[in-house]
Amino acid sequence: MVGFALLGAGRIGNMHASIIAAHPQAELLYIYDTHQISATKAAKTHGSFAADSVEQILNDDRVQAVLIATSTDTHVDLLTRFVKAGKAVLCEKPIDLDFKKVEACWDTIKNSAVPVQIGFNRRYDPSHRSLQEAVSTGEFGKLEQLIITSRDPGLPPIEYLKGSGGLFRDMAIHDFDLARFILGEEPIEIQVLGSVLVDKQVAEMGDIDSAMIIMKTATGKLIHINCSRRCAYGYDQRVEAFCEKGMLLSDNPHPNGLTKYSSDGTGSKGQLHEFFIERYQDAYRNQLGAFVEGLLAGTPVHPSFKDGLAAQALVEAAQEALETGLPVKLK
Amino acid sequence: MVGFALLGAGRIGNMHASIIAAHPQAELLYIYDTHQISATKAAKTHGSFAADSVEQILNDDRVQAVLIATSTDTHVDLLTRFVKAGKAVLCEKPIDLDFKKVEACWDTIKNSAVPVQIGFNRRYDPSHRSLQEAVSTGEFGKLEQLIITSRDPGLPPIEYLKGSGGLFRDMAIHDFDLARFILGEEPIEIQVLGSVLVDKQVAEMGDIDSAMIIMKTATGKLIHINCSRRCAYGYDQRVEAFCEKGMLLSDNPHPNGLTKYSSDGTGSKGQLHEFFIERYQDAYRNQLGAFVEGLLAGTPVHPSFKDGLAAQALVEAAQEALETGLPVKLK
Amino acid sequence: MVGFALLGAGRIGNMHASIIAAHPQAELLYIYDTHQISATKAAKTHGSFAADSVEQILNDDRVQAVLIATSTDTHVDLLTRFVKAGKAVLCEKPIDLDFKKVEACWDTIKNSAVPVQIGFNRRYDPSHRSLQEAVSTGEFGKLEQLIITSRDPGLPPIEYLKGSGGLFRDMAIHDFDLARFILGEEPIEIQVLGSVLVDKQVAEMGDIDSAMIIMKTATGKLIHINCSRRCAYGYDQRVEAFCEKGMLLSDNPHPNGLTKYSSDGTGSKGQLHEFFIERYQDAYRNQLGAFVEGLLAGTPVHPSFKDGLAAQALVEAAQEALETGLPVKLK
Amino acid sequence: MVGFALLGAGRIGNMHASIIAAHPQAELLYIYDTHQISATKAAKTHGSFAADSVEQILNDDRVQAVLIATSTDTHVDLLTRFVKAGKAVLCEKPIDLDFKKVEACWDTIKNSAVPVQIGFNRRYDPSHRSLQEAVSTGEFGKLEQLIITSRDPGLPPIEYLKGSGGLFRDMAIHDFDLARFILGEEPIEIQVLGSVLVDKQVAEMGDIDSAMIIMKTATGKLIHINCSRRCAYGYDQRVEAFCEKGMLLSDNPHPNGLTKYSSDGTGSKGQLHEFFIERYQDAYRNQLGAFVEGLLAGTPVHPSFKDGLAAQALVEAAQEALETGLPVKLK
């Protein structure tokens, strides 16, 4: 058994709470939130205890691992403190919007043996993962082109967007991590084009809501990512790996198998999943499962802090390319 | 080259004319129709000659083959005369609505060496044929269950229906032939249920517009056919072969690859083909190709008159089962 | 909250236990099994208590509902006792293999107001249910033909089959219930053909492993069910509702969205679900949810005991048709 | 009727010959090829006459239109001569590999009223065209992102590649034209990444075999094109139009509807079409149909010479972006 504490009792925190609570080898000892009422309520729902303070968790020897699902600006501080306390960390992405803080954090913890896993849940989606496995085993020969389609169902509230760090830091970071995961190597060049097509308010705050990215690796592999903040037919998340001997497509699952044939059209299914909590339900569960399994087996957990760092480096490069209008080379 | 005459210059006759005209090893010497103006018009369109009489064709040594696409009640007479004249025959289905006449015709011609092919075009549809080939090579082991879905786009005119011989003789005969083709063996028992669900006028003339059939062969294979005279989303023609090691499905082709995703549904394609002339365009062309190839090579042509006879025997059994409400055993 | 006891701690019992335990408005007070060790183990896993006896549950006022997942031959006795004790019952199908016992049970309980729901879980599958709703609202006009494909992944152990009551009682009963659910009316005639195609041992015990059924309702609707005890590509469960203005298809879901394109084929997905526990996971959860909701709201629960009785009446008619080789009319 | 001459009796020339010959309102008066034997053979096959010289065609008043399917380096000269002679021209793409020659040609003919259509056949593919129509009618609101996938089945002979002008001029030009056709407006910026992943010999001649392109229009629409010279599963040609209220996908058609389900995978269809002649059969036919229709009606034909010029301008910009490694702005 692994003794867990959950930090953050918002919507995502509650999702994590129910996953930890349901895991046969995890025990959810504490839930903490600066908003005490949320912690208490979540603790009651999930059969756990509301911690009075972060210190209470830090000082409890039964706690072997923490899941950090608090607001982004608290991640680095909490992660550092728990790593120093010898407690394994599963931290929601991004580590921090300020890349320098992420680098500084890495300097602090890089010599620690405490396991740290970053919450790039999509790596644990059964379809995406099967694709990555098929690519890495070379089932269809070597990978040549990778195409990721990433469309959120609808624009978040403007207030949220203001603090989000922009489309690349907030949204595309998942796609950059997924690309690295599947490629098994690093992009060396990135080019981007961005637009405001969904809502003009996005332009006013200096952000974009639509983007197209192309990248290239040292071995010549080509990568395309397209993003939109709004998608009329649901949460559209596809990965296409074009290989020497074939193509692998991680297609959207359908929550309902009903298919209609009429004079209006044939083969029509319903909407895609509403958003990531529904779409990546299995991914979140498998992510925690892998974390617990790694802790119990004493093997490395993935994606690591370094993976988080590398994904954010791509994000920063994309941001620079957008701002300068020029290709950016990566080291 | 094979010298051809076409008998019948209606809608189907004209389709056959253009296929014969386009075949590099066929020459369309004559078109004949009792309605002289139709023959003349078709002859002009397809670069052929309107024959004055059947005799003119019978007596022309350049004519090696005839395609009979006249009204059903003339098939037996024409087929018999041309076979006697030593001219190969490709005859549209059914041979005759009166099974006794078909049997009598068979008695007359069965000792002749003249090639006779019956126009069960679906055997030459690329998808259905690939399915039959996969079944006969045993790609997925032995066939166990066969399911044929057969839905016409809309009820024919009541006047047509009156002379059609009923749903089994007019429509399901294709499905019975396709079943025999794929099975490679004969059904020994048939059970049916019929209904009038599309149009009450059909009941008034003693016919049905909807039917479900089940059959069994001596080796225990099970067959289901379902038919409807009306289908809101186009001409629906599917064949499903359930085998020991897998399933083969000959699915409906789509005339247009445009697929729509919106809040109304995802993955929606347009209508299926309008009807058999559009859906089975390739099948009709391949049917003639196989006929010509057989004639030139001196090999047997398929489906044969005996196949036509066997399909009609199933039709008669289905009709008897419908009328008596009891299972019918076949010899 | 609804206080629950679970009877039966086998594989399906354990599945139900985890569903009850996870339901926010259900409390799993007891697990009972004649095999005490199984009950103790399940109780530990699901945070419940192993009951010493059925009486302990009957006498505990906190228990408002029981879920019966014991062996079929104990269903009638347990169901009767709990209904008499005023405790709501959710009973796994079939009620009993002996139709007379089911009828007798009905006589005993029919005047009771205690809610009884039969475990025809497929009614609660999101796809099948969406299809039923679309049919009942008349989205595509009236239903005309219904086609159910039902293929289990592999033949159960011969020992199991010996006590199963045969393919219709054991397997097709789900399909009969689903047909009734979607039709919204009763079949009045049934015809069947059965075969042994999967394993000859099945013939030795007088059973079949492959079947095709056709039925008709008073309003002329036609129904086809095909069953096989073995399916090489997984658990194949499809429902096709052909209506006046279109077709509704409840298609198989795919556990993994990975799709392959290579020289071996294009658009190939992985296996279907392994079997019912995986395929109908949501259905089982929704089934319990509906039961709990009905109990808390004081509204009728579905499918009712009468639905169970009606499905078994169809099973008995199918069995008679198989044995006599003749159509069977239903009242 | 429109009197036609065909110039060029190679593989594509022969395809055009059969299309012209089959068109009810076109008469194929001449076939010309510098290789006289090819012209004679083609003339025999298609029931036409082998012209002795280009002059013979220029001087024959019965010839109202020519289809130019000769080698690329002869297009400009032939096109110019026939336009001057007042004969309508349908010219295969590209107009010339040298953009300056194309511009010069335009200067020469731009004031002529003689109809000139460029052979961007894909505009006439039923699926792509339906997509374009849906975009232009605004069925799903305004277009935001356009994604074109363009994969040839296999690398052409190295000798061919040497004279091809490179991947952009030879292959991607179709995709650029298709993008312009669907967008209804012009890209203003282009970025590209290219690689040699298929065959190292391609690198030796300074070309690429894999490419990713991103573009942006003045209204902010984003476009992605990906190309590969080799595709293991056939000729892969897809267009995805992401709009405000939905997505339109012009998906690959399947030449055969047979679909397989086994332990190796479910839903597997056969290969895509072999190459463009098979895939775009209807497109080539519709292209000629539209040309004939325009000539007979006296309405403008599309795509025009200016469309050809504009597509080549994008090609040149892409080539520059590849060579400089920098984004290229378009006027």
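For reference, chains read A, B, C and D in written order, and residue numbers begin at 1 within each chain.
Keep in mind that, in the parts below, a contact is a pair of C-beta atoms (placed from the backbone, for glycine too) under 8 Å apart; a residue touches a chain by one contact, two chains touch by 3 or more.
Computed from a prediction, not measured in an experiment: that's the story for all the values here.
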item	value
Chain separated most widely from subunit B, comparing mean CA positions	A
Result of counting contacting C-beta pairs for C-D and A-D, higher pair	A-D
Euclidean distance of C-alpha centroids - subunit C vs subunit D, Å	57
Rounded Å distance between subunit A and subunit D, as computed from the means of their C-alpha atoms	42
Sites on subunit C at which at least two other chains make contact	140, 232-233, 236, 245-247, 252, 254, 260-263, 270
Subunit A contact footprint on subunit B (complex, rising order)	232-234, 236, 252, 254, 260-272
Footprint of subunit B on subunit C - complex, ascending	140, 142, 144-145, 147, 149, 151, 189, 191-193, 195-198, 210-216, 220-224, 226, 228, 231-233, 236, 242-247, 325-327
Residues of subunit A that touch subunit C when the two form their complex	22, 24, 45, 126-127, 130-131, 134, 140, 245-263, 270
